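Look for chain A in each of the two complexes below; its partner is chain B in the first and chain C in the second.
Right after this comes the complex of A and B.
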């Protein structure tokens, strides 16, 4: 932002020039699409504007996720001329912050003062659950692009909240089934932070693992957000005689856990498995060689070998200085994709019409993560087993196996 | 089990380097410096930016030392007008400084969590007591022990240390002897802050560098100071070593109480000995 140019005469002239072309452009618009009706709501399938509130973290511990989410959203629009069908998309961005105290007012703000038609975003599960009443009152649609709490599309399900990401248990369950069928029926130690998502991951893993005939050796929970040294817990894993460890950590905790797992000599004797966020995105570079060989399950990896993903990765790298996309980028990219599909058949822009339309879009067949469909308003999607490997000097989550389509686990 | 005791010492000595500065500034200069955690984080980010080679690591230590001295001197001048006001006013001022500093660090270093490599040769692991243990943490125990002795000798055995203690005991009398006691405060504040930034560089390979770490370590430092007793170098050392053990051994033995064990120890000390284990007979426990 430091290089924001001052208003020079040339810039002023070019602004006037741009302003002068506007009437021409809008005239073109009216002849093709039926006129720009300004703020949406009255579009009804024949052009106009759809106003979207993109609520993602721009500050706090999830800010890096927010960047990826915003990039995925903007890339889709950029590739599609900034339009959903005949609708011109106008995006209003608001800062979700870290939790409900900032996230809920941000959603209220885009709904009430910006008057958006659809809300997209939300990283934090408590925020996603906390805006339910606001959306129901306003009768507006929300597409959750990250928050993985089961309740969002299970116990607290409402027609106004859909999800383009994953559920915590869905990803863990795939690993539970896999480990039970690959020689670890006993001796698996579980460890996760002691907050809601950690508990859902442990629960999702355990029920799938036990259904596959496995027995959990022991489990531990670590204080969330304040644990910086995992040595006592790592010694606990060794003393328990574990044959494998399954864990759920993300962000700074993922970096510390994976590095210390190697430093204390566990990685050479007790293989480490995890929910995919353990090695996803920017944390992998910080973990460096300590992450080699770690296996995780997730609904995406930039290494997936399909034409849609190849094109997506290439476009993303081109647009954002060579940075690889993460699962977060794909989640918001797909949110734009499904909204586009829904608007093709939606009769109005209110939550009820859009919800009905989303229910009828069928399989999303051009997603970078592979084909997926909505089931109870959250993706039923393929989960991939991935292993951290060094490919030409860069650490990547190489695909080991496609574990097949996975639903949200039943309660 | 034994490796946890060993690790308790590593964490304990790191906490000592972190907390002794806070203890000196609060106990001796009577200023509660809540920007102490931000100073630590500044050191950790310096380590993240420069470390990787021995040259980089030592450069990070040197830059952190100079920056710490300067920041401490600045904080000292800022709190000077509040000298006769309550601790709360000073705490609010330094808390504001801490927020500004934390935000500035995010602007400079970004908000991704960073890991800090240990210097070459120390980044591996060795076998101690039949368990694999990171070499860097072993070295940290030695460095912490040496620093503890140095700080103790300076405060208790040298002329400068005597001057500092005299300033604490009777500020006006020292001034009457012709010593500028504002200078004494600047020096103590500077050295206290230097210890915080140094602890940040030394702690980087263990704690990493990330937004929010400043608050985590500030709380740990406050717990150490309260347990050990204010203004006492030996108290800070004892408090840090106790917390190091409580945090590792306690978590190993009582994993399900991991969140509480640290603060349970704090509560126990406060109930039984409110002035801290080595706190002088209620002297500065106002």
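Right after this comes the complex of A and C.
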């Protein structure tokens, strides 16, 4: 008898403190009958309040990115009195987590339980693609602030999903065109992780590069998320006789790849080019001097020389203890900006009205990334060629060249 | 052991409460199913959706419990069969038909076939080797899901899965979908429960407790373990097809190590070997991870970890190890 855990009332209470979650379930109503369009109900107008569900990663490997996204969103609201025109903005934050198993329920929660009017956020492409049905059935608007999969605004395009960030191919295509016209017509070696985004980057680069008259020397894919030692691949690059390397890595993989590329001695002989996430945000600090000289393309750098960006960078640093903004901060900052513009002309807060209004906002002329406009619901924007430089002891992505406006590549 | 302990106080108790106590589990089971069935009439769509996810995950956890708790095979890659069933059901729904029994049967068959192909090797090992092999299989299947883009959609997942159809009618309404999932879930649970109570189930427990002795008694233990591995894979495949019916999306994350370990966590919280305990554990995992976790400022995984530590520390036999304190406890022993 002694080894049998005996339940006391107190122990039961302490254990099932988790039962505190039950009020979530006891939200009254009925799920049967009726149109079941989702919304828990605060809904349209609500006396001049617009309720926004900000779904960004607060836990897991993308948490740092989520922090930047949340800061960008909050900074815009702070600068504009927490209002979109006459509407007071109420933000509900939900944790997207690492992938669809947590991200999809988080979107459903803000839509159905919190009854938000608009959803903003999403880092993971599979999540962005996976919530399409939920949004379509609820007839609510989503502004994707990161997820770069082409399909979000191409094969799977719906009027309810817009994007304020980029597409994987768009970033890479600008680099493809640039390298083809700058003396690397042959001898470019491609390397990327073996998953959807890596393949889109390679495809975007290759088609633009070939359109510019270039031919790819060779390409390699590395196992996604599990590769820590790139030496075999670096040997391959060397043996192939490459004149330049183009790669796509982000997060921990970007840190490892850039460091090993330099340690292996390739950075001095075969220049490294990449999609901008290679050296964006927090990874650059950890790559340290190994990243010096790496050139990337992206739709933003905190070094862009325009008045809107200078004011933005200064305000951002002031608000968040001197930390510089990243492209992620700008993506959600601009999401707030375009929602504000759309609400000026929107007749209602449902997805159809907002979608129509977003279609008519024209050029966003006060963005830190420079002027851009929606084209097929995703930004047509200037892409910048950037080079990692040491400016007064701090590594930055200095602007080398503005490569001009770039659309999402056609399928 | 448990049986002996419950019999002691009952032995000198009058006949009436004895019969009542024996009938109680049945009454509770019927009551729980009735409450679950009536739930969507009173719950808002989001709560119903959450409940649907709990039922799906509970069936998955029950199938794992059949391996871990009943047979003593702690699998680290059980999500492979769950995910395989989900992908197959999703693929069939998109490309062939979403009419009700079809995705379900395809999911079950795929789970069973996948388990049959891999189980032949795994059940011949034990202990750490079984752990490592199942882990490796799980990782391999996830890699396959990540790279076989024509069938799985790669890392972006299999999207655009149509609603499951019952007699030609798509089950779009959250409540109807819940009833569909609940009905299959209850049938699946009953199936596993019957197996666990059958002589075969008793033999599986024997294998768990002392395999050499069972072999000495003439039981073909490898065949028994192989059969239960395939059955567990099949039930996991059914759970997978329910998953795709609910979220209409399958991604490689659904068959990741994380999903396997959450199922294992549900089994441990509930108490390995107890099927209803696994359901309870699944409910805790889904509620903390998805419902509560979303609004915890990113502390969802932390809370889940705390729950796990508390359960292991306070309830070494999980929720199923709980007993109500008896008044006559002091006197009877």
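The definition used in the following text is that the second predicted complex is superposed on the first by the 364 of 411 C-alpha atoms of A that agree within 3 Å, B and C clash if a C-alpha of one lies under 4 Å from a C-alpha of the other, contacts with A are read in each partner's own complex, and residues count from 1 in each chain.
What we mean here is this: a residue touches a chain if its C-beta (ideal position, glycine included) is under 8 Å from a C-beta of that chain, and two chains touch if they have at least 3 such contacts.
Nothing here was measured: the structure is a model prediction, and the numbers come from that model.
Enquirer: Which of the two partners, first being chain B and second being chain C, lies in contact with A:244: first, second, both, or neither?
Expert: A:244 sits against neither chain B nor chain C.
Enquirer: Report for A:223: first if it touches chain B alone, second if chain C alone, otherwise both or neither.
Expert: In the superposition, A:223 contacts both chain B and chain C.
Enquirer: After lining up the shared chain so the two structures overlap, which partner does A:195 touch, if you call chain B first and chain C second: first, second, both or neither?
Expert: In the superposition, A:195 touches chain C alone.
Enquirer: Is A:264 touching the first partner chain B, the second partner chain C, both, or neither of them?
Expert: first
Enquirer: Between chain B and chain C, whom does A:63 touch in the aligned arrangement: first, second, both, or neither?
Expert: In the superposition, A:63 contacts both chain B and chain C.
Enquirer: In the superposed arrangement, does A:282 touch chain B (first), chain C (second), both or neither?
Expert: first
Enquirer: Does the superposition put A:109 against chain B (first), chain C (second), both, or neither?
Expert: In the superposed model, A:109 contacts chain C only, not chain B.
Enquirer: Which partner, chain B or chain C, touches the larger number of chain A residues?
Expert: Answer, by number of touched residues of chain A: C.
Enquirer: Just to be sure I read the superposition right, which of the two partners does A:339 touch: chain B = first, chain C = second, or both, or neither?
Expert: Neither partner.
Enquirer: When the two structures are overlaid on chain A, which partner does A:313 contact: first (chain B), second (chain C), both, or neither?
Expert: Touch partners of A:313: none, neither chain B nor chain C.
Enquirer: Please report the chain A residues shared by its interface with chain B and its interface with chain C.
Expert: Residues common to the chain A contacts of chain C and of chain B are 59-60, 63, 194, 223, listed in rising order.
Enquirer: Where on chain B is chain A touching in the complex?
Expert: Interface residues on chain B, with respect to chain A: 1, 3-4, 7, 11, 111-115, 117, 125, 131-134, 206-208, 210-213, 216, 247-252, 255-256, 258-259.
Enquirer: Of all residues in chain C, which touch chain A in the complex?
Expert: 5, 40-51, 53, 143, 146-147, 149, 153-157, 159-160, 172-176, 178, 247-249, 251, 253-254, 258-259, 284, 287-302, 307, 310-311, 314-317, 319, 321-325, 333
Enquirer: Give the list of chain A residues in touch with chain C in this complex.
Expert: 1, 4-8, 11-12, 15, 18, 21, 24-33, 36, 38, 40, 57-60, 63, 66, 93-95, 97-102, 104-106, 108-113, 125-126, 129-130, 132-133, 137, 149, 151, 156, 194-197, 199, 223-224
Enquirer: Under the definition above, what is the set of chain A residues touching chain B in their complex?
Expert: 59-61, 63-64, 194, 220-223, 225-229, 231-233, 235-236, 238, 251-252, 255-256, 259-260, 263-266, 282-283, 286-288
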